[in-house]
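You will see chain A twice below: alongside chain B first, and alongside chain C after that.
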Partner chain A sequence: MINEVPIILFVPIVAGILAWVLDVKGVRELIGLAGAVIPVAYLIKVYPTVADGKSITYALTLGSFNMSFTLNTMTWYFAIIGAVLGLTMALGMVSTAKSGYNWLFALMSFTAVLGVFTAQDFVSFFLFWELMTFASFMMVLKYNRHASLKYFILSVIGAYAMLLGIALVYARTGALDFATISQVFAKDAQLTGLSGMGYHATLTFSRTDMILLFTFFLTAFGVKAGAFPLHVWAPDAYSETDQSYTTFFSGVLSKAGVYGIFYVLLMMMGAKLYFSLGTFHGHPLFLYIIAWIGAITVVVASFLAVLQEDLRKLLAYSSVGQVGYILLAIGTGTALGFSGALFHVLSHAIFKGLFWLVTAAVILRTGKTRFEDFGGLAEKMPITFAMGLVAVLSLAGIPPMAGFASKWLIYEAAIQAHMPLVAGAIFLGSALAFAYVVRFLYSLWFGQRPSDLDDVKEAPAPLLVGMGILGILNIVFGIAPGLVVEYINKLFRKPVITGNYYKMITPNGTYNALSVTLVLIAGIVIAGLLYVYGARARKVPVTDTYQSGNPVTEEYNLSIRRNFYRPLAEALDFWLKYSWDRFYERLGQLSEDFADVLRKSVYNGNVQSYSWYLAIVLLILALWGVL
Partner chain B sequence: MNFDVRLVLEVIGMLLYATFMGFIFMGIERKAMARIQRRVGPPIYQPIIDTLKLLGKKESISHGFIYDFGPIFALGASITALLFLPLANFQLFSSNADLIVVAYLLEVPMLGIMLGAMSSGNPYSALGVQRGLLTMVAMQLPYGLAIIAIVQHFGTFKLGEIVALQQVHGWSILVPALLLAMIVFDIVFQAMIGLEPFDIITAPAEISMGPMLEYGGKQAAILFTQHAVQLFAETAFFAILFLGGASNLLELLIKQIAVLFIAIFVASIYPRFTIDQAAKFFWKWPTIIGIIAVLLTV
Partner chain C sequence: MNGQYASLLIAIPLISAFFVPVIKAASKKAVMPFLVLVTAAQTAAAAWVFNEVYTTGKPIIVMAGAWRPPVGINLYIGHFAALFVFIVAAVSFLLSIYNFKTIKIEPIDKYAMLFLLLMLGATGMIATGDIFNLFVFMEITSITAYALTAYNKTGEAAEASMKYMILGGIGSSFFLIGIAIVYGSLGTLNMAQIAQLAGSMNATAAQAGLALLIFGLAVEAELFPLNAWAPDAYQAAPHPVTVMFSAFVVKAGLYAAARLLYIMQSVGSWHSVLKLVVIMATLTVLVAEFSALRQRNVKRMIAYSSISQVGFIALALALGTQAGVDAGVFHMVNHAIVKALLFIAVGYVAVELGGAEMENFRGLGRRMPITAFSITIGSLAVIGIPMFNVFWSKLRIILATVDVGYTWAAALVLIASVVEAVYYLRLLHVIWFEGSGERITESAALGAIMLLLVALVIVIGVYPDYVWNLAQKAGADIFNVAQYIKNVPLMGVGA
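Let's look at the complex of A and B:
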């Protein structure tokens, strides 16, 4: 029997290399598309196996390292999200990618992400993690050097933190495979629990070790997930690349960080962290910290998203904010919260993926990115607009869309976990989400159209297909959230959320998506009847409006393009003075200046001064040796 | 869902009743405001006449599909929100969705109105959209805190259970923490139904009705109807959360009118905030009171 795992893992990268080597227009697109379709097909093929709770493992020996990859109930969930988004990315890239370079690195990160999701030991996890960083860095580097370097530096910090964490685990356990390490942690957690009751035991990991491990891994995964205050790379990197690739970059790569927190911090070390770090007001301390990081990320990123003037930046900040929701849901520490987080991983991937594809189409057709240059595109790109509207409804959490189903679970989880202030952050965050999606709607699609956009055409077919896939998924999972919830219940091996395909029942709440849909449709029909009853409407252009008796000429564009939310900026002026991004930039500038000073004064290229340094060092060594 | 005849009749009856009462509420609002300002004011059925007149107009204009769809979507969403509330002895669909869903559904109509307003291309409408969303951003934090306090106190999200618990243990506002939550909710409520000091969205004297500006004829009639249904649903929502719900429609009506009058009295005293003042206000006192309320109910 052929093992499916290596095919799923390595087909994309092989296709990427082929596309890069051949680099013939038409051929590279076909190869790339095939490389993205095959993993999806195989993942669907193995669904019955993983849904049964069985797993498929593939082992690979590389030098002295044994690497193993597994598809099981947990990893399949993340892998299929990654693969579907990868497919839509490939569809988008057929239209937007201009060279084999893009195909190579986009598909390389596809393989890398699947590797991260399926890895069963720290060696392969780390290797694929770095491959993922490298490939996405190369994708940004081609478009903007500054943004890519910022991304790279923060990623390197994350990678070092992870390496330190892995080293610490290895030093204490002598193992690198997840199974053994999990066992050690579980046993150690039990002993810690016992020693809390006065029973003395020799622990493998001390409290300090656990604090260090928590910090290291949280930094590593936080960078990738874009958690506050490590989020600063994300807005630049997400916007300065091929927008079709961002579908995957923001939809899936950020989920690698979430997956890491889920898998390493929670499933592997969760119990041990709980016993070692203790609780805070009844919440496990380590989860409480994650919940607050999530809440702050939601609020800060959403506020910044509202105030952006660039389409890509707005969506990038919004991505950061939405990942904040996932972290927050994990932080509630209840099965309901984990379910909400896992569901939001899916729904964020599909609605934000859709957003980025719409953006890719708009940028492809207009070549503009700033809100002030857009307007009135709804008439020119009606299908793209409809898809954008689906994405907007889903992100804003309008029932019955997938975005609402997952957000609803997060609300319930956060309030039931008695984290009122954290839950308050979700309320604020979703109002802000409303505000920024309306900015997206208004500036792009409505109002007067600048005259240079008069001959814009509808998006190309492959992009539309990609959008169609994601749009349909948004609606299907919105009306039938049970499809997702049923699978998530399998992960917990118990029904956390009951109900049926259309209905979700938590211990204290219900949401019947189908009935909401039907009633909404009925309501719209009633309103529609009123509309039909009235007299026929005469169509007039958007320039023919009421202007207080002060008609202006048609050349004057009356749409509000710049600083749409200026009053908010005024209300927030105190807070906007502080910026982590500027802080890091200043830090970077300082170290550059310092290096400059060093270069000018110390490394001045003068042989005589170098010999002096040598003499001084030798002298110090000699003294040290004598002492 | 069972499509039994009784439920369908109840829904139709409730829709007619709510629309009618909503229009009467709008009339009461105008009449009471006029009496406070020592004017005679229009008769309280005036909004119904206005709406019928608008619906009967021989011609209306349209700026495109979304422009027409916006009001229709808004009315549809208002009707949806209404039907998921347990209204007195009529449970309707309320067992199918809980507090969070209803709180969201009550905000959806706003998106419909915004959608239509934005596509009209009128700069005043765009200003209204901006103001509407910023008001929503401003009020959402205290609003959320008030809702969280309710849920934490009763330990359930189901509106039916919240009403039942209040009927056993007394109204929410008899609990000190929930009284604080009610104060917060009432301040937010002023913005939800668009009355002073938070009538920033429509601000007739500044941006001539904002989002509604371009609408006339049948679309305006739909928006009027939407406002009526929304007003009924929101006052009922208030009564359900804080005033013990109701066991019959008359009791509910009395509570709704009480809520409405408080809103009218506040509205006729205070002038309008500017949008940044409103944001700063909402993030100060209501938020602080809200935080106290949620911490007391943890």
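Let's look at the complex of A and C:
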């Protein structure tokens, strides 16, 4: 039976293929846009069903694997985030994509991500996971070979780690569908608990198995989520592609990793992992590890974001850092933490998506990417600027934006879980986030405008529409976080966070978004009145704003557009000497050299040594006792 | 129709090979069209046999001279043989068209003869039910292969052929000793009867026999470190011959090794031999992939990749489970299609642009779009991207490998697969995003062949069920030895 699920899943990829085959300007944009709108429309259509707690399943058999895809309360949440971001990506691409190639692979990854989110068995999960990696890789390959290969190699290592994990699960349970596997894990967890209390029980998965599974799946999902130390692909890959696509790439594809951690590691095998791996300071060990990976990711990525001189790189590192928040929230191991993580999945997607669309617009109109080349664009692109401001406020966690609501929940969760160091990482990350968004805000939009940017125009209409959608969502979910919280409560089948549309109440505190908004508006009005009636304005040349009495020399020329945080970089000198990126590059180089040595010594072209190989094998056969 | 007509599969190429000089005497231009005709006839015969075996579900047993086995020699065309004889014939048919473009060096009549004999040898190895007959066909295959490797008459070709001959010669000598030991111990050469009696064999003789048979075939099946001849031979041989090597000659060796391995599974050392093959296969994959990494010659690079895929197949076949054998056979089919595609496309580029060096592939996407597209699809398929055929068989192999408990082997071959992805993707970047050049008019016939193979890759990728069912039946044919014994009407001797 054809239901909504296959339509939602396959319309984008079919549209992508059509756009690629036809490749006529105008037509491909229409097809691509249609391919992105339809899934959103259908997802909205099935909302009443999934909100009721019912699910819609589509099953098919392929290569005698039974595959099924389900939209339920959980998967719908991720799917709608993906689809809305996909729609805004398509809107952006109408302006920025120059070929059918981009449409094909962008929409292919759209389908793939939805497939990953809705898959109910490991075969389709893995299949769509690989498809997602491949499609996004092709989007980067076109722009930069090195960046794309780095991305692909790390992703494939992750995917193959996952495949080993899947194969191990299959070897022990003989099943590939999530429902059966979840049951086996749940039962096995009970038995493990019992055997911990002295009962004898035969376990399906040994402790070693669980350590292996945890390592395999964490590697797989960690790569996609860009978790430290597997994040090195992200800054390059996010910057070296069509920036409209990065909206989706950074906003949604990284969430596939989060989804995997949430679904596979937590919901499927969480209990078993807890009983097998034990606890650390009263906290489940595996969650503790995830929390710390998240915390380190936040700190490292935020520091690196602060030091970037390229707009795209800054946002890319910031994106990595924000996903760290989500991991950290999952790692707290409480319902509140999970709620915060799920909320942050949404808000990160909408504010980072907005950021990348703004970036796409700016790069489209100016052709520049480095901070030192920008300035004073607020006058030229006022709407884009307004949207950029919304994104900045949301990312920096300033009420009343969606980013504040979710971060607030994460703080609450970290404090509640008694993880002071991890909470410290969040605060440090937030401070650093202020430091880098200031750069984004000031150097792009304010200050002196370089003369070559004088005839920059406002972003094209489709891009503005895309930005508008995300901007409005940021504000709506910021003022009425209850909309999201209500849905998330359904996932847990109990109210984790109480309150109403405007108010979130957790065991530790209350956040009333509406009153904050009202106070904020009142404050702005008062400040505005003061500005209009009270202040005496003095005209200052823009060059005076930073120097603060210090002489500016050519060798030490720090302005907000250039090397602004160089003193910080110098202070961090010792730490910056160590880079995982360079470490991987070295490793890659070494394996290439190893490959050369291997080839030259094994296939050395000398038939005498080749004959010796035969003799050696015979000898081994004899020594082994089989000859 | 009588099943005995299946002997045409051996008769058509053999008789036609003898007729090549006659044709040449009539008109030299007729030699290549004659090849097309013969391979078309062979494909038709193979298709009929395929249809017969898969519709009735029973193997065709051809008894030479109406002597019943085990006295007479029999052909055993079961599900596996029917499938692969068809693949051999179909690939040869495509290559007979490919020959027009790629074979310019004289003497063409010798080439045509050898071409047919190579096809015959591979067909025979797959179809035979007699172990000495297997040896004969193996010798036909390898001797024609040595000659064809040297066909280009360059120094490299001669050297490659020489290496191949020495190593192949050592391999087949030991294989022959293995046969002698088995025959000396059991007094029979019929494979079904060997399977029946293997358990009662003298333990030492059985161990030595099995080890030597597998050793001898491992050279043909390109298992590390017995595959040192392969990269040179693949690179030096004429392009159609390389396709044959990769698409079916090596498969015949693999099949023979798997068949012998499973019919002798009651031998005491069986598990040790399996384990050894698993180790060798894993090393084959690893070493070959790393060797391909910095290869500047694309044909040689794909040759290494082909060797590594063969290692994958050997790994699957040596797992000793039904799932493993099925996955291995599935991978054999997929590999035959994909590697045929890649070697045909790369050979075509080498012919048009004067060599298969990496530099010649710069800007290929603009110069020869159809060929470039074919190489792209082939490469993506080999890497294991979903929606292409190899994805399914690789997945099956990994699941089967871990299921048996060889997690380390699965991990190692997956690491090697990462390396494989790197060099193929570099090639794709060179093809599409570097350099440029004038558009070259591509041959319509070759374009059609390549697109046909591309279509197969994608169709199996999107809808693997049909081929997977074939592979399962063919796998059962190898794995289910009891059924194999039952199918051959032994004259009640020994049992």
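Throughout what follows, the second predicted complex is superposed on the first by the 567 of 627 C-alpha atoms of A that agree within 3 Å, B and C clash if a C-alpha of one lies under 4 Å from a C-alpha of the other, contacts with A are read in each partner's own complex, and residues count from 1 in each chain.
Rule of thumb we're sticking to: contacts are C-beta pairs under 8 Å (C-beta built on N, C-alpha and C of every residue); 3 or more make two chains touch, one makes a residue touch a chain.
Remember, it's a predicted structure, so these values are computed and weren't measured experimentally.
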| task | Could you say whether A:Ile616 touches chain B, chain C, both of them, or neither, answering first, second, both or neither? | result | second
| query | Does the superposition put A:Gly509 against chain B (first), chain C (second), both, or neither? | reply | first
| query | In the superposed arrangement, does A:Val123 touch chain B (first), chain C (second), both or neither? | reply | second
| query | Does chain B (first) or chain C (second) touch A:Glu412, or do both, or does neither? | reply | first
| task | Could you say whether A:Phe262 touches chain B, chain C, both of them, or neither, answering first, second, both or neither? | result | neither
| request: Using the superposition on chain A described above, determine whether A:Val519 touches chain B (first), chain C (second), both, or neither. | output: first
| field | Comparison of chain B and chain C by chain A residues contacted | value | B
| remark: Check: chain A residues flagged as touching chain B and also chain C none
| query | Residues of chain B touching chain A in their complex? | reply | 1, 15, 55, 57-64, 66, 68, 71-80, 83-84, 93, 95-101, 104-105, 107-108, 110-111, 114-115, 118-124, 126-127, 129-131, 133-134, 136-141, 143-145, 147-149, 151-152, 155-158, 208, 213-214, 217-219, 221-222, 225-226, 274-276, 279-280, 290-291, 294-295, 297-298
| Complex contact set, residues of chain C against chain A | 162-163, 166-167, 170-171, 174, 207-208, 210-212, 215, 218-219, 225-226, 228-229, 231-232, 269, 272-273, 276, 280, 287, 290-291, 293-294, 380, 384-387, 391-392, 395, 398-399, 401-403, 405, 407, 410-411, 414-415, 417-419, 421-422, 425-426, 428-429, 433, 463-465, 468-469
| task | Provide the residue numbers of chain A that touch chain C in the complex, in ascending order. | result | 61-64, 123, 126-128, 130-131, 134, 137, 141-142, 145, 148-149, 152-153, 156-157, 160, 163-164, 166-168, 170-171, 212, 591-592, 594-596, 598-599, 602-603, 605, 607, 609-611, 613-614, 616-618, 620-621, 624-627
| remark: Contacts from chain A onto chain B in the complex sit at residues 306, 376, 378-379, 393, 396-399, 404, 408, 411-412, 415, 418, 420-421, 423-424, 426-428, 430-432, 434-435, 438, 441-442, 445-448, 503, 506, 508-512, 514-516, 518-528, 530-531, 533-543, 545-548, 558-560, 564-565, 567-568, 570-571
